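You will see chain A twice below: alongside chain B first, and alongside chain C after that.
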Partner chain A sequence: MSEAIAERLRLDLDQVTGQITSALRHQVGEVLRRSGIVVAMSGGVDSSVCAALAAAAVGAQRVLGLSLPERESDAESLALAREWATQLGIEFLVEDISGTLDACGCYARRDAAIRRLVPAYGEGWRCKLVLEGGGLDSGRLSICYVAVQPPGGDVRKVRLPAREFREIVAATNFKQRVRKMLEYYHADRLHFAVLGTPNRLEYDQGFFVKGGDGLADVKPIAHLYKSQVYQLAEHLGVPPAVRSRPPTTDTYSLPQTQEEFFFSLPLTQLDLVLQAHNDGRSAAEAAIDLGMQREHVERVYRDIERKRNATRALHLPPLLVDRVPEVEDHQSGGAG
Partner chain B sequence: MPSNAVREKIRAFLVRQFPRARVRGLTDTDALLESGVLDSLGVLELVAYLEKGFEISIADEQLVLENFQTIERIAAFVEGQLQDRSRPTSDRHDRTRFQP
Partner chain C sequence: MSEQTTGPAQSEIVDRTRAYVRENFLYMRPDWKLGDEDPLLGTGVIDSIGVIELVEFLQDAFRLAIVEDEITEQNLGSLAAIGRFVHQKCHANGSGASVRPRQLA
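Our next item is the complex of A and B:
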């Protein structure tokens, strides 16, 4: 990364921390008129930064950290979240959502869709969705596969027809939506607001579930690039074990990075190209800055625009037939 | 199947299945992926349709940009697959990419 790019992404950490905590205090206390903040903690860098910012904004005693694991979660997520919550001095609750997911048919519906492609898929097998193709040097289209692994066996991949892809994603989205339901349960019980943790890359590219992790009252780091979130994490004292952990969806039983499910490029690289694109830099200029080929930058620019178009509806509030000006006057921001 | 018939069958599917194809008055040379008519999920739907509708089999290696960029290219790819299917096995050649 060139010095010029590093400079553009470098934050004045004290200033940014002050700006976010001040905004959070105002939004939660004045706009939402709530007395504290609920933040779901995944043990990842985004939610760890958000928990720290929430504690700094309204005081540790007015923040509830939640861990919402299910039977397919990585145990490390809970351990890291608990450790950081303890360091911050915030209350921390763990609610296992496996039973609720069972009741919704989350696992059964997903597994039924997988079994149509892999009839042997069953008890003890693990799975994940994988996006392949669409890389910088590839003329291949981005295509989604389901990767499955029998107990003690090797992982194999099967190309997903659209119907099965939709069914697997729809069933899996129960996880994000059940978590959000519990976040709002605790927020209502405590008269708190719910904090959403997307970074700019996720927010811009629509990497969230509407009514799930996309739903929140405040989103304090949605304007920050991922590399900036890491700067803030270090500044706020987030443990190295959290900062060095690869960003994961922690959604499927096989380990899955965000890169292999959604972004198809290393996040650090995509973050920089997104920033160059948003700054209005031409592909040729960005290629020189980033030490990449111009054609590769052009390809990523096109992919960024494609994802924006494809996920635009996720950001929309409910569409009305006619305006209701009395309510519009009090609204700002999009949906999620 | 005549070339025009293949194109029209593909166009009819795209217009029926994808709202953005209806809005745009789709031509044979419109860039389907770059214009947002097709996204990655749309490609999966199209592939399923082509396999069923033309009774062809599409391998992973054939899912390349060149084969799916426009109606014209999809039609050429399908025609190539149909020709390959009707040839004796020993006479088939690699048609993993669109060949203008």
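Our next item is the complex of A and C:
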């Protein structure tokens, strides 16, 4: 990373921490009038930073950390979340959601869709979705595959027809939605608010499930680029084991990075290109800053705009036929 | 390339694809201008899953196998591009030339 880019992304960490914790206190205490914060902790850097910010904002005794694993979760997620919650001194609960997902048919519906493509797919097999394009030098458009692995066998990939892709994603989205349901259960019983943990890249590019991880009362790091979240993580004392962990969806039984599923560029690189694009820098300027070819930056700029267009509806509130001004008057909940 | 009478003409490919796109992606937007050279991708007409549906339509309608390396903006980015790509592919491998494309339901 060039010095100029590093400078643009560098945070005044004390100032930013103060700004976020002040905003959280105002939003939770005055706008939402809740007594504390529920945060689901995945053992990743975003939720770890958010838990620390929540504890700093309202006090550790007013924060509930939740781990919501299911049978396909990486065991490391729970261990890292528990360790960090203990260090923060917040209450920490574990709720295994496998039974609820079974009842919803999450696994069965997903597996039925996969079996239409891979009839042998069954007990003990693992799977994940993989997004593949031809890279920056190729004109290939990104398309999705399902990767499957039989017990003791090799991983193989099958190109996904639209119907199966949609069914697999729809079934898998139960995971994020069931988690959110439990977060709100605990928020309701404690009179707490629910904190959402997206960073700017995820929020901007629509990498969330509507009604799942996209649903929250406050989203305190949605304005921060991923590289800035890492700066904040170090500042807040998030353990190196969390900070060095590759960002993962922890959604499929085969390990899956975010870039395999949604972002076709390494996250660190995409983060910088997004920042350059948002900053209004031309592809030529950004290419020099980032040490990339101009054509590659142009392609990533186009991909960013495409994802924004494709996921715009995820950000929309429910659409009404006519305004209800009496409710609109109560809907602004800024940082104060 | 000389036209082969047994394969679909480029204009037929464009017209049938336009009808498919209108029916499946623009069904609530009848006023949307959809010219031959207008971009289909990144303009709100077809998203990334829509690309896969479009490929499935082309494979089915014109009895083609479209491999990953052919799923490009150059080949699928506009109706005209699709017309050129499918026409060339039908006549290059003979599949489209020897088999009448199925009619849309």
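Assume the second predicted complex is superposed on the first by the 330 of 336 C-alpha atoms of A that agree within 3 Å, B and C clash if a C-alpha of one lies under 4 Å from a C-alpha of the other, contacts with A are read in each partner's own complex, and residues count from 1 in each chain.
The criterion applied here is as follows: a residue touches a chain if its C-beta (ideal position, glycine included) is under 8 Å from a C-beta of that chain, and two chains touch if they have at least 3 such contacts.
Note that the structure is predicted; figures quoted are calculated from it, not measured.
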Query raised in the report: For the overlay on chain A, clash or fit between chain B and chain C?
Result: clash
Query raised in the report: Touching A:R116, do we find chain B (first), chain C (second), both, or neither?
Result: neither
Report task. Have a look at where A:G139 lands relative to chain B and chain C in the superposition and call it first, second, both or neither. Result -> both
Requested in this report: Once the structures are superposed on A, label A:R306 by its partner contacts, choosing first (chain B), second (chain C), both or neither.
Outcome: both
**Report entry** Where chain A meets both chain C and chain B, residue numbers
**Finding:** 134, 139-144, 159-162, 165-166, 302, 306, 309-310
Query raised in the report: Considering the complex alone, what residue numbers of chain B touch chain A?
Result: 33-34, 36, 39-41, 43-45, 48, 60-61, 63-66, 68
Report summary line: In the complex, chain A touches chain C at residues 132, 134, 138-144, 159-162, 165-166, 302, 305-306, 309-310
**Report entry** Residue ranges of chain A in contact with chain B within the complex
**Finding:** 131, 133-134, 139-144, 159-163, 165-166, 302, 306, 309-310
Query raised in the report: Where on chain C is chain A touching in the complex?
Result: 41-44, 47-53, 56, 68-69, 71-74, 76
